[in-house]
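So that you can tell them apart, the chains are marked A, B, C, D, E and F in the order they are listed, and the count of residues begins at 1 in each.
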Amino acid sequence: MNLSILFSAPYRKITRDGLWDNNVVLTQNLALCPLLAVTGTATNGLGMGLATMAVMLASNGAVSVSRHLIPSEIRIPIFVLLIAALVTLVDIFLNAWMHELHKVLGLFIPLIVTNCVILGRAEAFASKQPVLPSMWDGLMMGAGFTVVMVILGGVREVTSAGTLFSNASVLLGEGFSFLETVIIPEYKGFLLTALPPGGFIVLGFLVAAKRLLDKKVKTVQHQPVAEIIAEPVINGGEL
Amino acid sequence: MNSKPEINSVSAKAGKALEVARQKLAIWLEPANLEKLRPQLRYQAGILAGFALLAAVLLGFADLATRGVIQQRLQEDLQAYLEQVVPAGLHDNNLLADTVQVNSSAAGLGAEQTEVYLAKKQGEVTAVCFKFVAPDGYAGPISLVMGVDRNGEILGVRVIAHIETPGLGDKIEISKSKWILAFNGKSLNNLTVEQWAVKKDGGVFDQFSGATITPRKVVQAIRRGLVFFQSHQAELLTDRH
Amino acid sequence: MKTSVISGPHVAAPRRVDQIMRQVIIALAPAVGFGVFLFGWPALYLLTVTVLSAMLFEAACLKLKGVAAAPSLRDGSAVLTGVLVAMTLPPWAPWWIGVSGSAIAIILGKQVYGGLGQNLFNPAMLARVALLISFPIEMTTWVNVTPLFTGPGLAESFALTFSGLPIPDAMTGATTLGMVKTGFSQNQILPQALGDYSGILAMIGWERGSLGETSGILLAVGGIALLRKGIIQWHAPVSLLATVALLSSIFHLWDSGHYLSPWVHLNSGALILVAFFIATDYVTSPNTPLGQLIFGTGCGLLIFVIRSWGGYPEGTGFAILLMNAVTPLIDHYIRPRIYGRYRNGKPLDISSS
Amino acid sequence: MLAFLENPRLRGGIHAEERKHLTSGQAIVTHFPLPKKLYIPVQQHVGKPAEPVVKVGDKVLKGQLLAHSQGAISAPVHAPTSGRIVDVKDFPAPHPSALPVRTVVIESDGKEEWLETFIPDDPFQLEPEEICMRVGGAGVVGLGGAVFPSAIKLNLGRKNNIHTLLINAGECEPYLTCDDRLMQEHANQIVAGIRLMLRGMMAPKAIIGIEDNKPEAFSAMQAACRDFPNITISQVPTRYPMGWDRQMLRYLTGLEIPADGRATDIGVVVHNIATAYAVYRAICLGQPLISRVVTVSGEAVANPINIELPIGTLMSEALAFCGVDKAKMARLVIGGPMMGDALPHADVPVVKACNGILALSHREIHEPETQACIRCSSCVTVCPVGLLPLEMASRIRVNQLEAAVDLGLKDCISCGSCSYICPSNIPLVHYFKFASGELVKRQQADHKAEQTKRLMDDRNQRMERIRLEAEAEAQRAQEARAARLAQQAAQQKQREQAEETV
Amino acid sequence: MSEYLLLILGTALVNNVVLVKFLGLCPFMGVSNKLDTALGMGMATTFVLTLASAASWVLEHKLLMPFDIGFLRVLGFILVIAAVVQFTEMVIHKTSPVLYQVLGIFLPLITTNCAVLGVALLNIQEKYNFVQSLLFGFGSALGFTLVMVLFAGLRERLAFMAVPALFSGTPIAFITAGILSLAFMGFAGLYSK
Amino acid sequence: MYVLSAILILTALGLLLGLSLGIAAKYLKVESDPLVERIEALMPGSQCGQCGFPGCRPAAEALVSGSAPVTLCPPGGSALVEQLARLLGVDVDLSNAQDQEAMVARVSEETCTGCTRCFKVCPTDAIVGAPKQIHAVVADACIGCKKCVAVCPTECLQMHPIEVTLRNWRWPKPLAA
């Protein structure tokens, strides 16, 4: 397969959409539950983000492959079925062969099923597009999600405990211990940000920050409204 | 003799059938055909069932392949906890295998039945350990595991799970603070009832500044655990095997 | 030149926003003054730090918004918020508690919503609750009564407030409500848990507590002054106090071992302060008399529930925030009857009148 | 504080600084020098403008009809003095926009020659219909501010079995004392007017409501009514807008007029006290409404007084007579300071509705910066109607007028209490006036859109008809041609056959 | 009886699904612009959630447990939930086009509204019996509806406020949700004692 | 064996649900969208095409499908925007909305030749006049579509703002606080 296709204009747009323009959290306001529930630390955010990304990649692929088979009346049950099966698979395999990781993430894995963005992407993109773009979309949306997870987790962790990526070695393996940092030693801790209210508030400020950045960028380039509304249909890479 | 051609013909037949099936599938999968099928009720039910079948098969086999492994991992986890509260030197048996069920409905341990793991050296019970719960922690129940030696002295206590406030109540975790180690060696005999309390209430155990409730409730629960052990001491220490 | 057309009325009432704010501050002054007297110089430092930082944050936010800061500062709402935040803090709290409180109140509670009059939640209560959640230790360290000149001197107090050293245990204790909660968690029952509580001292304010909450009587005097001036309405305070008094009477009569008497309730914690000065905050309470009655009743109910059965000893802050959240709904459903119409907006029947 | 102990019949309202003492102590000035020219707009009432019956150059006598009423709701206007018509033209109206309106200009000849009129021997023997007719013919309109033609109200009253005539002597606006003085000086005439009205409506009784800040007027009226048990006089609390008829009615009788109804629906008619006086003059003296008492006041006026002015006098002349200090004048207001309108200049005529001319100083109007609403809900407290001014204004600010209507915008009487009390000085009433105007505009636009649709349909149908006709025509032509061709062919054939046979 | 009442209240207030458990946040943010729609969404969710709780309990105790196939739990539950939602969607589409228009993409998203699956799974985790499950589902939905309506009221008012451009819309909504969640922390400890 | 039962059960479940949903879909089918009709009724109905759609009905359909903003119709002005936003449950910021100033055509009498071209194109028959006579516009009927201006050979038709008189004078909006 030729990787250079990933740099063609439609794919670049998918990439941009996923990472920034149409970011799952910051723009679409979806996937909020895992976002707020597990971002007590940056490490948790990273782990959950990666797991979600993997599921999105697979689910978008699976949905796209079978899109011609699925009647619209029962598409939702089928999509959900597919996603749930994938998530359960991930859960089972992690539990069996990466038990330490599973112990940390275990509680949150079933939550992935109900992460609305996975179904959202299946509906909005994968059920209408060929496999390759769909999978790329899943990957990029997942990546955009992961980035926000890590940032939110990071901000909450630093402000509430003064550390960053604590426990990274437990979750991701000894190789990641280098990530663990103490930003503010002897920090008293601003507990608020670690608790549910703080999650919402920090997220509010994050969205405002994106808006600020966008405004700065917008003066340079301007995107017409129509383009945002219509999802691009991509030809090429047909299965 | 003539079995060979038979086999050949059978395999040829099978091949042909396969080929036909493939072709049929290809025709069936034609977008135009699917277009026709999709609105049909029969098809819809079938396709949902089909996907369910697919998922079930997939998961079924995945589960078949991993069930044993997962069971084992869980045992290992439990074992790891038990080892923390019962020193390895005290036993030569498999703790997980040597258990008795004890009625604990009156002991305030948060369960009707408590599974007690027996540590044995050369067949003699040297220590017991069991899980119990402090149901009234600041934010919710606190799960603990405790090892007690023959004389009712604590060998070790660990918190398995809790939802106390991070930064305050979570100092009961061994990874956050050494506080929990203060119970090692304590028993109902070497401390009076009044001493089984946090310092603020006139006892010997530290509280955390700003968070007294969590340690208070943990102390109370551990003491209840010891009382439970005491009341079943004889029964547990006599080896019935 | 559209703007040159001016509509009537061509005369205006003399009362302006800055006057209202000033009068509320004056009404609070006795209680604040008493708090400073009761807890000495550190309390004065804390008050100063909180008020100054509130003004500073207000000015900074306005600057960021590109608005001239001076006119808005002059309306006095930032000062009032600063004073109220200080009044809800433990009197010997370190300086950074005061600054954080002001920051939360002004920035999070007010300016992100667009400034004066736009906020949905009471800034001072938001700050109180956010601080309590974030810094439970500092926010529950209550110094004993140490009247001015008997406690640490000017310089020593300065060090106390600004160094952030912990206050010696001997100088601190629990508030009445805190003591009772602790007592219950040790399975004590009431007279025992209350210790040497004196209702009269509590009413005067001679007890541990937040800087401005201890003296119920002075707060009530200030509140009644505001009522008489017509700056606040009676509905919210009366319904709030009545609800707490009623509920506590009922439960106290039913089980006096586990439920405080109305007398203790009314003299404890921030009840009087909240009733007269917080529940009456224009911005965050309903705008009809009936709505204010409902608001006050709701606050009273929540305060009683949290005090009696909740995890926190005192629930006024939470109760106010919760009822603030209900306020838009109250305003949506409770409207005055319009002349010539039934409450549901339908015109009156001719025959009925 | 103890608002809940107050009379539940009294809702909202404000107590503004009265400033009535400026003029209340002095008798009505009647020696105003007759101006050279008088400007009489043909519309001084609600309803259709009157139609001029005079031409430029005509000589007219005092009290002569200048324009007659038009249609169901209208009122005539009369010459305030004798003289010559010099113009019928557009002239600035006493309106905040000072836009021009059709106006008859009279050059006075200084003779004040009255038109001969009929004066009944005993007015109280006149038929009720006759009374109404005469009141209408005299151009009497409501002088309480609404300028609704009074005859129509009287007629309506007679047809609706009225049980009470409420005479509104509230005069709740600050500064204004013209009704107060009128009652002090002409109590007997007013009572006569009231009796005529009662007769005209065949109503059994009248109640006069007077604010309790006018004790002299109250006792004067009491004295005048002593012989008429069917007329009662009540004092009402001084609280703006007590003069709002519905407020006074609720206070005095407990009755409330349904939102979509009129006072007559519940058997009441309300008239202003000055209207009663005008009725007296119309019937007993045969004088149409050609002058009225106006309060000229305000800090920028050197000699604030009540003064009887001919309709059509320029306000600038009246002000000059009272000695206005132009430098001190910050705002010129027609009417009271609460409901009156600011005028861009004083070269506009006095009209029937004009009960006050105020030259206010900066100190009096006291206008600080507008700030954001602090939701103090004072405006809710003072609104006599029971509206939520702050909420309505916030909707209107973002142009959500429908939402404001849901909140009761259409019930707002523009009394100005809310704007007055607002500590943030938000121009609330201005918002409501804007929104109401905008709603009327929308209504008209809707109406026009409907009209458009109809017109377009008409046109399309016509076009269709024309097309069909054209088609039919073409068809007929074609058929004709075909027939002709067939005929020709037949002829040809015949001819050929003939040739063949030949 | 009072035990059941406590369960409902505790679930709705103390352990509120949205503000404390962090479930169902997407519809919470997405459909709370208007009071009426929030109420509609709340009721739709209440219906689905209660039904799904019951259905999933039956599934768990009549099929999954007897046959020892717990690994199919998530799959089975979500399937049942999806069907219930789809059904609700069709009913609303038929009966109230305006509501349908407004709830738009969120109705199918109730399927993945974490709250529904989350509550179904919690039912099993907490070992509730059938009635308790039903009440737990109902209580959760009640809590969901409660905060939806409160939040919608707040947001409707925000629409008329002069929120700075940088914060207007989503950011201020998040911040407000945070403060609401802060306020709900006041209920902590109510139910457990 | 439990795997087999798992497969069986899940498949049966799928079959059952698929069937019932399919049936439900048949019985609960929604034919047409009454919303379009309601919206079309709100539209000005002048089919002017300023919205970029070939008329009001397509514009209404686009609105319902969500592919056009509620601010699409300039002639409808902010009143229409408000109604649409309410109907469709969307948020719009009307605070800065500016309605375009209403204009009507007026014939300047010097240059009109009475050619009747404007008369023929006016969609609302707002122009009156006989051939070779000076034409006039009935201001109340004119919708300001400018069609007449386009066809007039002598440029004698011009658009003018509607004249302000005491009858149509309205209070201006107060300056924002």
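Operating definition for what follows: contacts are C-beta pairs under 8 Å (C-beta built on N, C-alpha and C of every residue); 3 or more make two chains touch, one makes a residue touch a chain.
Since the structure is predicted, the reported quantities are computational estimates derived from the model, not experimental observations.
S.K.: What is the shortest path, in steps, from chain B to chain F when you may only step between chains that touch?
M.R.: 1
S.K.: In terms of C-beta pairs in contact, which of D-F and A-E ranks higher?
M.R.: A-E
S.K.: Among all other chains, pick the one whose mean CA position is farthest from the mean CA position of chain D.
M.R.: With centres defined by C-alpha atoms, farthest from chain D sits B.
S.K.: Please compute the C-alpha centroid of chain E, do the same for chain F, then give the distance between them in whole Å.
M.R.: Computed from C-alpha means, the inter-chain centre distance equals 38 Å.
S.K.: What whole-number Å value describes the gap between the mean CA coordinates of chain B and chain C?
M.R.: Using C-alpha averages as centres, the distance is 48 Å.
S.K.: Counting only Cα atoms for the centres, state how far chain D is from chain E in Å.
M.R.: Distance between chain centres, rounded to whole Å: 57 Å.
S.K.: Where in chain F do residues touch at least two different other chains?
M.R.: 3, 6, 9-10, 13-14, 17-18, 21-22, 25, 171-175
S.K.: If a residue has to touch 2 or more other chains to count, which residues of chain A qualify?
M.R.: Touching at least two other chains: 73-74, 77, 81, 84-85, 88, 92, 189, 191-192, 195, 197, 201.
S.K.: Please list all residues of chain B that touch 2 or more other chains.
M.R.: Those would be 44, 47-48, 51-52, 55-56, 59, 62-63, 138, 165, 168.
S.K.: Pull out all the chain pairs that touch, please.
M.R.: Result of the pairwise touch check is A-B, A-C, A-E, A-F, B-C, B-E, B-F, C-D, C-E, C-F, D-E, D-F, E-F.
S.K.: Taking the complex as given, what residues does chain C use to touch chain A?
M.R.: Per the stated touch rule, the residues are 108, 130, 133-136.
S.K.: Over in the complex, which chain B residues touch chain F? Could you list them?
M.R.: That would be residues 41, 44-53, 55-57, 59-61, 63-64 of chain B.
S.K.: Please name which positions on chain F make contact with chain C in the complex.
M.R.: For chain F paired with chain C, touching residues are 171-175.
S.K.: For the complex, which residues does chain A have touching chain E?
M.R.: Those in contact with chain E are residues 29-33, 35-37, 73-74, 76-77, 80-81, 83-85, 87-88, 91-92, 110-111, 113-116, 118-120, 123, 192, 195-201, 203-205, 207-208, 211-212.
S.K.: Spell out the residues on chain C that touch chain F in their complex, using ranges where they run on.
M.R.: Spelled out, the residues of chain C in touch with chain F are 2-3, 5, 7.
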